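Structure record follows, encoded as structure tokens.
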Amino acid sequence: MRRVVLVRLAWAVPILVGVSLVAFLLVRALPGDFAQQLAGTAPGATPEVLQEMRHNLGLDQPIWVQYWDWLTHALRGDLGTSFTTQRPVTSELFGRLGVTAELTFIAAIMAMLLGVTTGLLSARLRGRVDWAVRGLNGFLVAVPNFVVATLIVLLVGLYLPQLSIFSYTPLTTDPLANIGSLLLPALSLALAISATISENTRAAVLEVSSQDFVMVARAKGLRPRTVLGQYLVRNALTPVITVTGLEYAALLGGSIVIESIFNIPGMGQLLFDSVTSRDYPVIQGIVLLVALIVVLVNVAVDVAYARVDARVSYE
Amino acid sequence: MSDPSTIAEPTAVAPAAPGVPRRRRRGSGGRGLVITGAVMLVVMLLVVALGPLIAPYPAAQTSPESLAGPSAAHWLGTDSIGRDVLSRMIIGGRSTLLITVVAVALALLAGLVLGLLAGYLGGVVDQVIMRVLDVLFAFPAFLLAIAVVAALGPTIPNLILTIAVVYTPRLARVVRGPVLSVKRWDHVEAARSVGVGEFTLVRRHVLPMVISPILVETSLTLSRTIFTVTALSFLGLGPPPPDPNWGGELSSSRQFMELAPMNVIAPAAAIVFATLTFIVLANGLREMLDVTGRR
Amino acid sequence: MAQVDVPDVPEMAGAPAPLLQVRGLTAEFTSRGQQVPAVNGIDFEVRAGESVGFVGESGSGKSVTARCVMRLEPEGSSISVGGSVRFDGRELLTLSEPAMRDVRGKRIAMVFQDPMTSLNPVLTVGAQVDDMLRRHTSLSRAAARRRTVELLDLVGIHEPGRRADDYPHQFSGGMRQRVLIAIAVSCEPDLLIADEPTTALDVTVQAQILRLLVRLREELGMALMLITHDFGVIAGMVDRVYVMYHGDIVESGPVQDILTSPRDAYTRSLIDAVPRLTATGRGR
């Protein structure tokens, strides 16, 4: 068991190195650099000035030197300084990360609540309920999150104009308003994913229902509540949790657009801005961080899955 | 975007206990879905291919009636500068679908080659290819696409290339699986030992195994690509004007959405229709071809 | 085939009614609009403390019969049951579900065929014995825990105190079946139904489990309904035998009578099917 974890983590390392390389090269390979971007806006940006700027930022070093420099600093937790704001990248990211994390977390919870409930109902009640839920799921999965978001904004604008949905409030200012302002964005993210979770829950519950140990539980005369909770759901939930973990990457990706629609100051917005201004350290930092999160989540999912497997299959 | 491939093919709760057969019925519901999906696809392609011929107005033609609701003259109303929404939807589908289809075709090609190489040659080649793909896998597809397109510039070739690169790893993985297992089959070994050429082996034994999962995965990839393309154009990173495109139309409709809700609903419906087409196809194909899901 | 009408136990005046009395039991599955009969109106009985065997091949309806007694229809399948199943004077087939839940486990318990899939993978073995005790008895948590350990010891699990906190996948097949037996006898039921309890086990383990069942029966005074396809398992385990074929009972009687002079050709073929280690090969 421990071996599985270690092996997975061991594999994660070269992957992360590769990720850092890609993040770095990707950004450097792009046409135009920071100095040039600035040249477009600032007067008096003569070639000599630009060259000096490049020298100051270390952009005239050979690319391998730049990479090594960045990597070694990154491993120590120093992701460099933002070209635009002159603040450490890590502090730029930190604040934004919290916002995006909160958004995706709320979305994940919503998706699970919605998905598990409908999936469970669908599997236990069958008949028309099952048909309706599955139909709805099939549809929801085809609606991209930004389309959902735009439609939500439209509906609110038409029927609930008094509701202000573009006003993000930081957690520290007013926790309740903060969560309130994140509800609709989180819902946009959550709907499509809840459909996936719903289908998975349904299939898992159906599969578990036909397992012998559920029959044994009934033969023991246990109360339906106990059979449902301890025998059915507890076994059906494990694949659901692993699926949710896998979907997390989608949540992160989706948050980029959602943040832009609802004006939420998260990493997505930061990414967008820094790409436009060619702020390399920030872009690299974001890409690296997001990839890191995804890799870690995938490792966690693998581990969780291995645990379930170990329990269920007898070695 | 939520991965539609996890919908009909959930991860197993418990691997089937020894002796208990897994229940999988071939084909029954699948055929209906495939037919539905195929019909939807044909309709969509026809409308888009015949675009300029069937659109009631040129997409760029403005008129004084701006933000009008649906009427006899303009079935879906007009936008903020009086352009016919229906026409813009029809024409707008062209670039979206063009990018989608070409990008996925490229990804498919690359995925086939890489997957076959990795699966067939095995060993070091396999490990190297797979690790490289793993690295690409670590990035949420959308994040990667944004970063590259935003910086390289949103031209149609750039979009096609980026999306192709982003979706190649998954297709390569799907190809590699069956190749690995077929390679070990006894009768393939037997054929090889009698001197049957590798190429013939691939053609006759490996490819048929690969076709089913590839068909399903390609349909899914098409649906994901629609999402990526429309999302990119929503963010302003899509094909540049003057050609309309669905994502861009959705985004610009937000400005006056309460005044002309149809401007929002039309592109939304178009996007959903296109995505749905491929998802329906994918689910139908999966049921019909009895394809087992990943993990 | 009609049921052979032989009174298997002489009805003595004043003798207590059988613990389990089944008359005219029928069971039909509805599959794709068609009715598929599984049990064709059988009569049988089990007396208190008695050990009765049900022998037949797969498809004979013996397992279905057991499930009908417990009213355990498989989820999602439609099965219609008719006839009468009287247990301790009460008609079970018309009993409400909550009342039936009180019967299951406490008065009638069942051990199933495949120990590898019969235990909940996410609960410890002790918890699965425990939830049975907590459901049907009023033992406190501590007392239930003690009883759980006792039960595990009773069925021959070494270091029961420690093992109670282990998960099913940490046990072998034979051990798991012991656990399942512990669960089944935990509330001292009047009737234990064992449906092919040894079929999925290795031959050496089979004998151990059968001996365990015999011992427990003696100690707890339960009636036993042993279902199997193997006559070899029956011998030495039961007092009487019912032989089933295609949903009917084709022969019944005291086990010795059946074994030495079976009247039915099918019964004879079942007996002959048991491999015997004699120097002269097949024979009795």
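Letters are used for the chains, namely A, B and C, taken in the order the chains are written, and counting of residues starts over at 1 for each.
The rule is simple: contacts are C-beta pairs under 8 Å (C-beta built on N, C-alpha and C of every residue); 3 or more make two chains touch, one makes a residue touch a chain.
All values derive from a computational prediction rather than experimental measurement.
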(request) Could you name all chains that are in contact with chain B and with chain C at the same time? (result) A
(request) Have a look at A-C versus A-B and report the one with more C-beta pairs in contact. (result) A-B
(request) Please name the chain that ends up farthest from chain A once chain centres are defined by their CA atoms averaged. (result) C
(request) Find the geometric centre of each of chain B and chain C from their Cα atoms only, then give the gap between the two centres in Å, rounded to an integer. (result) 55
(request) Let me have the rounded angstrom distance from the C-alpha centre of chain A over to the C-alpha centre of chain B, please. (result) 21
(message) As a quick test, compute the distance in whole Å between the mean CA positions of chain A and chain C.
(response) 52
(request) Return the residues of chain A touching two or more other chains; collapse runs of consecutive numbers into ranges. (result) 211-212, 235, 238, 312-313
(request) Could you check chain C for residues that touch two or more other chains and list them? (result) 114, 116-117, 121
(message) Quick check on chain B: which residues sit in contact with 2+ other chains?
(response) 14, 17
(message) Under the stated contact criterion, what part of chain A meets chain B in this complex?
(response) 14-16, 18-19, 21-22, 26-27, 30-32, 137-139, 141-147, 150-151, 153-154, 157-158, 161, 192-193, 195-196, 199-200, 203-204, 207-208, 211-212, 235-236, 238-239, 242-243, 246-247, 249-250, 252-254, 256-257, 260, 271-272, 275-276, 278, 283, 287, 290-291, 294-295, 298, 305, 308-309, 312-313
(request) Quick one: which bits of chain A touch chain C in the complex? Just the residue numbers, please. (result) 209-223, 226, 230-231, 234-235, 238, 310-315
(request) Quick one: which bits of chain C touch chain A in the complex? Just the residue numbers, please. (result) 70, 72, 74-76, 101-106, 109-110, 112, 114, 116-123, 131-132, 135-136, 167-169, 173, 180, 183
(message) For the complex, give me every residue of chain B touching chain A.
(response) 1-4, 6-8, 10-15, 17, 131-132, 134-136, 138-143, 146-148, 150-153, 223, 227, 230-231, 234-235, 250, 253-254, 257-258, 261, 264-265, 268, 271-272, 275-276, 279-280, 283, 295
